[in-house]
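Each of the two complexes below includes subunit A, the first together with subunit B, the second together with subunit C.
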Partner chain A sequence: MRKYIEFARVQMQVHAAYSAWFWANTFSVLLRMLVIYFFWKAVYSSRTEIEGLPFDSMITYIIIAMFLQMFVSGVGRELAHTIKDGNVAIELMRPYHLITRLIAMDIGDKIIHFIRGALPLGILAFIFMDITLPTTWQGGLLFLLSALMGIWIGTFFDLLIAILAFWTINLWGLEVMKEAVISFFSGALVPLILFPEWFQTVSLFLPFQAMVYVPVAIYTGILTGTEAWLALGSQVFWAVLLFVLLRVLWSIAIKKVTIFGG
Partner chain B sequence: MIVVKNLEKYYKIAKRDPGLRGAVKSLFHRKYETKKAVKRISMHIESGEMVGYIGANGAGKSTTIKMLTGILTPTSGEVKVNGIIPYENRKQNASHIGAVFGQRTQLFWDIPVRESYELLKHIYEIPQKQYEETLAEFVEVLHLEPLLGIPVRQLSLGQKMRCELAAAFLHRPKVVYLDEPTIGLDVAVKVRIRNFIKQMNARYGTTVLLTTHDMQDIEEICHRIIIIDDGSVIYDGSIQDIKAQFGDKRVIQFELEHSIDHFVLPEEIRSAAVVIPKTDEDHHVVSVSFSSKEISGAEVISCMMKHYPVLDLTIADAKIETIVEEIYSKGLKGRVQHEEIH
Partner chain C sequence: MLTRYLKLYYLFCKQNLKVMMEYRMDFLLGVLSVMLQQFAGIFFVKIVFDHIHQLNGWTFYEILFIYGIAATGRSIHHIFFDNLWTLGWQYIRPGKFDRLLIRPINPLFHFIADRLQQDGFGQLFIGIIVISTAMPHLDISWGVLEFFILIVMIIASGFIFVAINLFFATLSFWMVDSLPIVWTIFNLSDFARYPLTIYHKGIRHLLTWIIPYGFTAFYPAAYFIEGSGFQKLALLTPVVAIVSCVVAYWFWNKGLKAFTSTGS
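Right after this comes the complex of A and B.
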């Protein structure tokens, strides 16, 4: 266990070292927040609500979703790299589990991201952009739980795609497609309730809405009571399923490496 | 320490016809070709031995090492390292071995060397006191002090290799696999690295299996060599033995005035000497190998000078390089002492 904590710690340290990157990133997020804010301000200038959502609920949803989306991808790129350049063989020679190690590093990454990026920017958004707090404190707690689940699901999904690098020659296209699908189906761009009925039904059966839409919908009160609990249940289902899939796919991949030599 | 019995590894390689048609065809109907990378290899290496494992490119060296480290599962045969079957208990095996692959880095790219070692301390669960002692020792022997604060990606090749070596030995592993540890390094660094390996072996009794194309490495470090060719062991014994066996070998390199494309050995010496196949592109140099018992060097030279205009010549004696070169190109021809290990 200790070695994995060390990995998380080192990763935090590495990140703290890239300060130019950090400022560039902060600046781009700030810019995006401003664009989003003025865009929706303009949309709402001629009406008071869309699909039952007033401006402050909408902007709250969009901003929180934007922040959450930054956390729903994982270390897939790193894993895919390790596989592509053949270093996965060296990793197998070490006394740790590679996937666990990568997840530990990812956690370190996300903690530092949260503290240095999301938290200060989030506070700024609260002060200047009419973002509201969760409607009830239970809703707030449930949101935290659900957001963690969403991040978990996003991380697993990312790694799952990355493992495909064992079989495909170029993963880049798949990664791009994954990003697009996630942005669209997860509800990271707009609340899913703005989409047509059939689309909502389809996405109900996909893991993507569990990444962003569910937690943020709980936060903004779109999902409450039984509906919220049901949504949380589906998150648990996806988290477990993806976890099992990840393990299975990984052991198949390792067999392939150790028997066929990659 | 390392016991290998009738070890075999076959790869299945998907065969594909050339071109687009072949690519489409291979989607539906795949033909496989079996490549025998390692064929019934046996070896027995005692604890504390330093063995050179050599062979031409593609002879099966890396495949063997991969099976010893547990990252490849053998097709058949037995392999045991330190009493553990590597491919079945990969993680357990991993904590007792160290490795350096000259072409790949094992340190952590973005963080300073010292942090890398700290991380390795946790990965291999090295006790703090032992870690401090070992590191202090390595820093002195390999002159690492000025490098400790620098991120790995900023190190030069020689600096990186010194750091890699320290990383491989840091947890005092029982076995260390070194794959081309001196590739691309200057003489001074090579010497330092060789000394370090010898020192580690003397102090901790580390078993070392070294693959390299640098015969100087082998002569300085190893007492025993195993030569592998086309997946089989063709020689296993001490360096002295092989030198004694081939001690009468001489190689003379002639630089001729004309291109050697149509070169044939003069009739008089054809029975006693052979031409070593060329590996480089120089079309004016020919290497003639012979046994000093059968024919004297003077005879070969005078005969050559009679038939060809010779510009220059160099004589090499039984260096391990020339011996190995000849074994690669000709095989041992019945001189193989095949020892089965029971």
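Right after this comes the complex of A and C.
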């Protein structure tokens, strides 16, 4: 366990070393917040609510969802590149479990991201953009729990997709595709209740809404009471399923490495 | 001189195409992924417009049209000039840029021709589909002249993308890798997907006169929209494209002169 904690810690330090990327990220997020703000302001210029959501609930949903989406992908890229350049063979010989190491690094990454990026920017958003707090304190607690589950599901999904690097070399395409599907179905762009009926039904059977929509809907009070607990249950289901799937696919993929080695 | 470069470009393309054909699955994956990415953006606009009729006076098809021009213009950049993204981390940092400098052709040409980005074709398909979906719904009769202007506008839009990326990629000559800056500036183009009239004045001026992403989509589209109030400004699009390219190329040459490889 100690070695994995060490990995997480080192990853945090690595992060601090790349300050150019930190500022680029911060600035890009600020820009996106501006686009979002003006876009929704224009949408609401001639009405007071959409599907029962007033402007401040909507903007709260969109901004929180944007922040959460930044945390649902993880070290998939790292894994994919390790596979692509063949280093995976060496990694497999080292005295740790590669996937566990990557997850440890990811946790370090996310902690530092949260402290240096999301937290200050989030505070800015609260001050300048009419963002509201959770409607109830139970809702707030449930949101935290649900958000952690969403991040867990996202991380495992990310690694699952990265394993496909054993079969394709277009990692950029893989990543873009994954991002597109997630922003599509996870409710990261708009609350799923705005989507057509059939789309909501489809996404109910996919893991993506568990990544972003469920936690943020709990936060903004779209999901409350039994509905919220049921949604949390489905998150647990997906978290376990993806965890198992990852282990299975990984063991299949590893066999492929030995085949490559001859 | 020109024919020599055309012939060279053809040869470069041929090599690139061979690589593409070698990895057919990856080609499909790339095209599909970009199409999906663009589609997500359009779907978002569609969902929002299911609940409203107008965005600040702009209809769904007008927004779609802006979106389509942005996507098509960007595809020119994406297919032919994608290598601009890699100047710092794939050429200068590993010392590979010196290789281009000793060849008897323009280094910028060599650098650009080094890669043809297949993934951009997905962007092109989607862009054309979106534009042709939106076109019949605009209040304008499409004649030969209008088509000609549209094509000029799209090419100009593509070259504005190129010029802006070239300008900021050139910073790599001084700082080894300027990718974070290039990427941040590129994100500004997100603003241009929607009518600039919804933004604060400061943002509008920034995107019109300083980093002219406004001319990659909104202004060209506004030319075809009756009563948008931007028809005159829209005509400036090709001029803006030429000026941006000239400025970026001048800056590139300056960078080239200042360039001392990572080794020294």
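Just so we're on the same page, the second predicted complex is superposed on the first by the 257 of 262 C-alpha atoms of A that agree within 3 Å, B and C clash if a C-alpha of one lies under 4 Å from a C-alpha of the other, contacts with A are read in each partner's own complex, and residues count from 1 in each chain.
Just so it is clear, a contact is a pair of C-beta atoms (placed from the backbone, for glycine too) under 8 Å apart; a residue touches a chain by one contact, two chains touch by 3 or more.
Remember, predicted model here, so these are calculated numbers, not experimental data.
Within the superposed three-chain model, A:I62 lies out of touch with both subunit B and subunit C [touch as defined at top]. By the touch criterion stated above, A:L159 is placed in contact with neither subunit B nor subunit C. Here subunit B and subunit C are compared by how many residues of subunit A each touches, and C touches more. Once chain A of one complex is fitted onto chain A of the other, the partner contacts of A:L92 are limited to subunit B, with no touch recorded for subunit C.
In the superposed model, A:K41 makes contact with subunit C only, not with subunit B. By the touch criterion defined above, A:I103 lies against neither subunit B nor subunit C after alignment on the C-alpha atoms of chain A. After overlaying the two complexes on the shared chain, residue contacts for A:A24 are found with subunit C alone; subunit B is out of touch.
Once the two complexes are overlaid on the shared chain, A:A118 sits clear of subunit B and of subunit C alike.
Shared-chain residue A:A80: touches no atom of subunit B or subunit C. Common to the subunit B and subunit C interfaces on subunit A is no residue.
By the touch criterion given at the top, residues 20-21, 23-24, 27-28, 31-32, 34-35, 38-39, 41-43, 45-47, 50-51, 168-170, 172-174, 176-177, 179-181, 183-184, 189-190, 194-196 of subunit A touch subunit C in their complex.
The touching residues of subunit B, counted against subunit A in their complex, run 11-12, 63, 66, 69-73, 87, 90-92, 94-95, 97, 99, 101, 104, 106, 108, 110-111, 115, 118-119, 122-125.
Subunit A makes touch with subunit B in their complex at residues 2-3, 6-7, 10, 13-14, 17, 86-87, 89-90, 92-97, 257-261.
Only residues 23, 25-27, 29-30, 32-34, 36-37, 39-40, 43-44, 47-48, 50-52, 54-56, 119, 180-181, 183-184, 187-188, 190-191, 194, 198-200, 203 of subunit C touch subunit A when the two sit together in their complex.
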